[in-house]
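There are two complexes below, and they share chain A, which is joined by chain B in the first and by chain C in the second.
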Partner chain A sequence: MSLSGEMIAFILLSLVAIIGGILLINLTRVVHMVIALVFTFISVAGLYVLLSAEFLAAVQILIYSGAITIIMLFGIMLTRHNDTSEKTAGVWRKLLLIAGIAGFGLASYAGIYNLDIPVQETKLHEDNTRQIGMALYSDHMIPFELTSVLLLAALIGAIILAKKDDEKKEGEES
Partner chain B sequence: MDLLNSYQNNYLIVFVFLCLGILLPIVALFLGKLLRPHKPEEAKYTTYESGIEPFHDSRIQFNVRYYIFALMFVIFDVETVFLYPWAVAYDKLGIFALIEMLIFVIMLAIGLIYAWKKKVLRWM
Partner chain C sequence: MNSVPLSAYLVLALILFCIGLYGALTKRNAVIVLISIELMLNAVNINLVAFSKLGPAPSISGQIFSLFTITVAAAEAAVGLAILMSLYNRRKTVNVDEMDQLKH
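Right after this comes the complex of A and B.
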């Protein structure tokens, strides 16, 4: 494990991602939580850049830290939130949690450390978007068409849910 | 290998730009806090000094219609993302990919027509 620039970048990005995730759970204000989430999304995009997946990184920033965050903000503003903080758990429970996390960390470290993935020489950083296009629209066209069905189902489902809400409201008013 | 190195070095500029973008508001707000005088008074915390007293929480519940617009935005955003690699690789893909993409766009157009018929796009 050499300390190259790539390694340093990976460590920094993963630290930001993990800290963002922890802050997302621990912060009390919802808007602060969303900002922590954005930091996590952006550092995941940085990890994609390190893996030479340039297009995926751009999509990550465009969709996740742009659109999904806006959706979450709308969701927060739509719901009624009375800020009440629950009391924290006892000492024993915290100790058990720390032991569980440490156990999980050790187990996955032991599992991953000696894992040998054969490295292939790839050319992903050259014309990344074109390569994705070639692969997606020749070899993987069935999943692509299924994606359109999935998006259609999401759109219609959202409309049905929200319209039912509206009709109920109108019924209450009249 | 040279190309990979130059690819990664290009992203250093992006990284510097990102750091500047994050640091600029933080530094500006912090310096403002250092420089300005701090003399809090009761009257300074009111919204309008000589107007109607605010009586309600400023954060209100939004109408659910905003959410549908946001959701439709996300869905058509995803559609655009799929269009992009298709457009880049179009000269090598040919007519078959065009038909595929037409099916994809028609699928989403069905959703849009459904939303139109259900009068989601109209505000009232």
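Right after this comes the complex of A and C.
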């Protein structure tokens, strides 16, 4: 079995992604878990490059391993940063969960393991960002504008939710 | 031509989704539950991008959809973390087992 460069890259990237996920489950300190997940996010960005989605790879690195990781680290630092997640879940509950998730995984695996769709020639890799921009501003115009409204609502909502308690507390103290 | 089959990407996404599901259901720290949900959304994104290249009708729409998913995930993380901050200011806890006021 000869391995092409693409296959080797896929195997390495998926190994790093899965190891990051397993570290997320097994590490005890909360900050280490988030750092472990950065590896998963970056290798998923590498997989996007393999799938000729270069713009999405850049977005993935910027948003996931940049913004979301930092915001989660802020969340940890502002709450209880030296928290080691204590294992309070019962053994039976854990076993039941593992059985349920394994059942779900096997059911899905039975559906996809020999999925064989003839590969067609695509032009996704030529001017990827330009194609995304064209499609975004012609076919998907309304969802794109709705996204901006959603982001505005999330911005205002997050500010109000995080701020209201502080003001009330100051009012109570004075 | 592409040498990595479509099912390899789908199986990888399935494994990541199962890890995220397990983390979201067993971890007690609310920040870790949020970030496990991000991992599950990431697995879904891999599926969308894989089908956009290797599916029966390859087109750019799969990548556009996963752009929208990333946007919604970012908004969800921001609002979820704001709720968590507000809750921590009131009750001094981030343990999901202690967030049970609606039960009584």
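In the analysis below, the second predicted complex is superposed on the first by the 141 of 174 C-alpha atoms of A that agree within 3 Å, B and C clash if a C-alpha of one lies under 4 Å from a C-alpha of the other, contacts with A are read in each partner's own complex, and residues count from 1 in each chain.
The rule is simple: contacts are C-beta pairs under 8 Å (C-beta built on N, C-alpha and C of every residue); 3 or more make two chains touch, one makes a residue touch a chain.
If you're wondering where the values come from, they're calculated on a predicted model, not measured in any experiment.
Colleague: Taking chain A as the common reference for superposition, should the pair chain B and chain C be classed as clashing or as fitting?
Modeller: Superposition result for chain B and chain C: fit.
Colleague: Any idea whether chain B or chain C touches more of chain A?
Modeller: C
Colleague: Tell me which partner A:132 touches in the superposition: chain B (first), chain C (second), both or neither.
Modeller: A:132: touches chain B and chain C.
Colleague: Using the superposition on chain A described above, determine whether A:115 touches chain B (first), chain C (second), both, or neither.
Modeller: After superposing on A, A:115 lies in contact with chain C but is clear of chain B.
Colleague: In the overlaid three-chain picture, which partner chain does A:6 touch, first (chain B) or second (chain C), both, or neither?
Modeller: both
Colleague: Going by the contact rule set out at the top, does A:28 touch chain B (first), chain C (second), both, or neither?
Modeller: In the superposition, A:28 contacts neither chain B nor chain C.
Colleague: Of the two partner chains, chain B (first) and chain C (second), which one does A:156 touch, if any: first, second, both, or neither?
Modeller: The answer is first: A:156 touches chain B but not chain C.
Colleague: Answer with first, second, both or neither: which of chain B and chain C does A:52 touch in the superposed model?
Modeller: So A:52 meets both chain B and chain C here.
Colleague: Please indicate which partner A:104 is in contact with in the superposed arrangement: first for chain B, second for chain C, both, or neither.
Modeller: In the superposition, A:104 contacts chain C only.
Colleague: So, does A:70 touch the first partner chain B, the second partner chain C, both, or neither?
Modeller: first
Colleague: For the combined overlay, can you note the least CA distance between chain B and chain C, rounded to whole Å?
Modeller: The answer for the closest chain B-chain C C-alpha pair is 6 Å.
Colleague: Could you give the residue numbers on chain A that contact chain B in one complex and chain C in the other?
Modeller: 6, 50, 52, 55, 59, 63, 67-68, 71, 74-75, 78-80, 131-132, 136, 147, 151, 154-155, 158-159, 162, 165-166
Colleague: Along chain A, where are the residues that touch chain B in the complex?
Modeller: So the residues of chain A in touch with chain B come to 5-6, 9, 42, 46, 49-50, 52, 55, 59, 62-63, 66-68, 70-71, 74-75, 77-80, 125-127, 129-134, 136-138, 141, 144-145, 147-149, 151-152, 154-156, 158-159, 162-163, 165-166.
Colleague: Which positions of chain B touch chain A when the two form their complex?
Modeller: Result: residues 3-4, 7-8, 11, 14-15, 18, 59, 61-62, 64-68, 70-75, 77-79, 81-82, 84-90, 92-93, 97, 100-101, 103-104, 107-108, 110-112, 114-115, 118, 120 of chain B touch chain A.
Colleague: Residue numbers of chain A touching chain C in their complex, please.
Modeller: Contact set of chain A toward chain C: 4, 6-7, 10, 14, 17-18, 21-22, 24-25, 30, 33-34, 37, 40-41, 44, 47-48, 50-53, 55-56, 59-60, 63-64, 67-68, 71-72, 74-76, 78-80, 83, 85-86, 88-89, 94, 97-98, 101-102, 104-105, 108-109, 112-117, 119-120, 122, 124, 128, 131-132, 135-136, 139-140, 143, 147, 150-151, 153-155, 157-159, 161-162, 164-166, 169.
Colleague: Could you please specify the touching residues of chain C with respect to chain A in the complex?
Modeller: 1-12, 14-16, 18-23, 25-29, 31-32, 34-36, 38-39, 42, 45-46, 49-50, 52-56, 58, 60-61, 63-64, 66-68, 70-79, 81-86, 88-90, 94, 97
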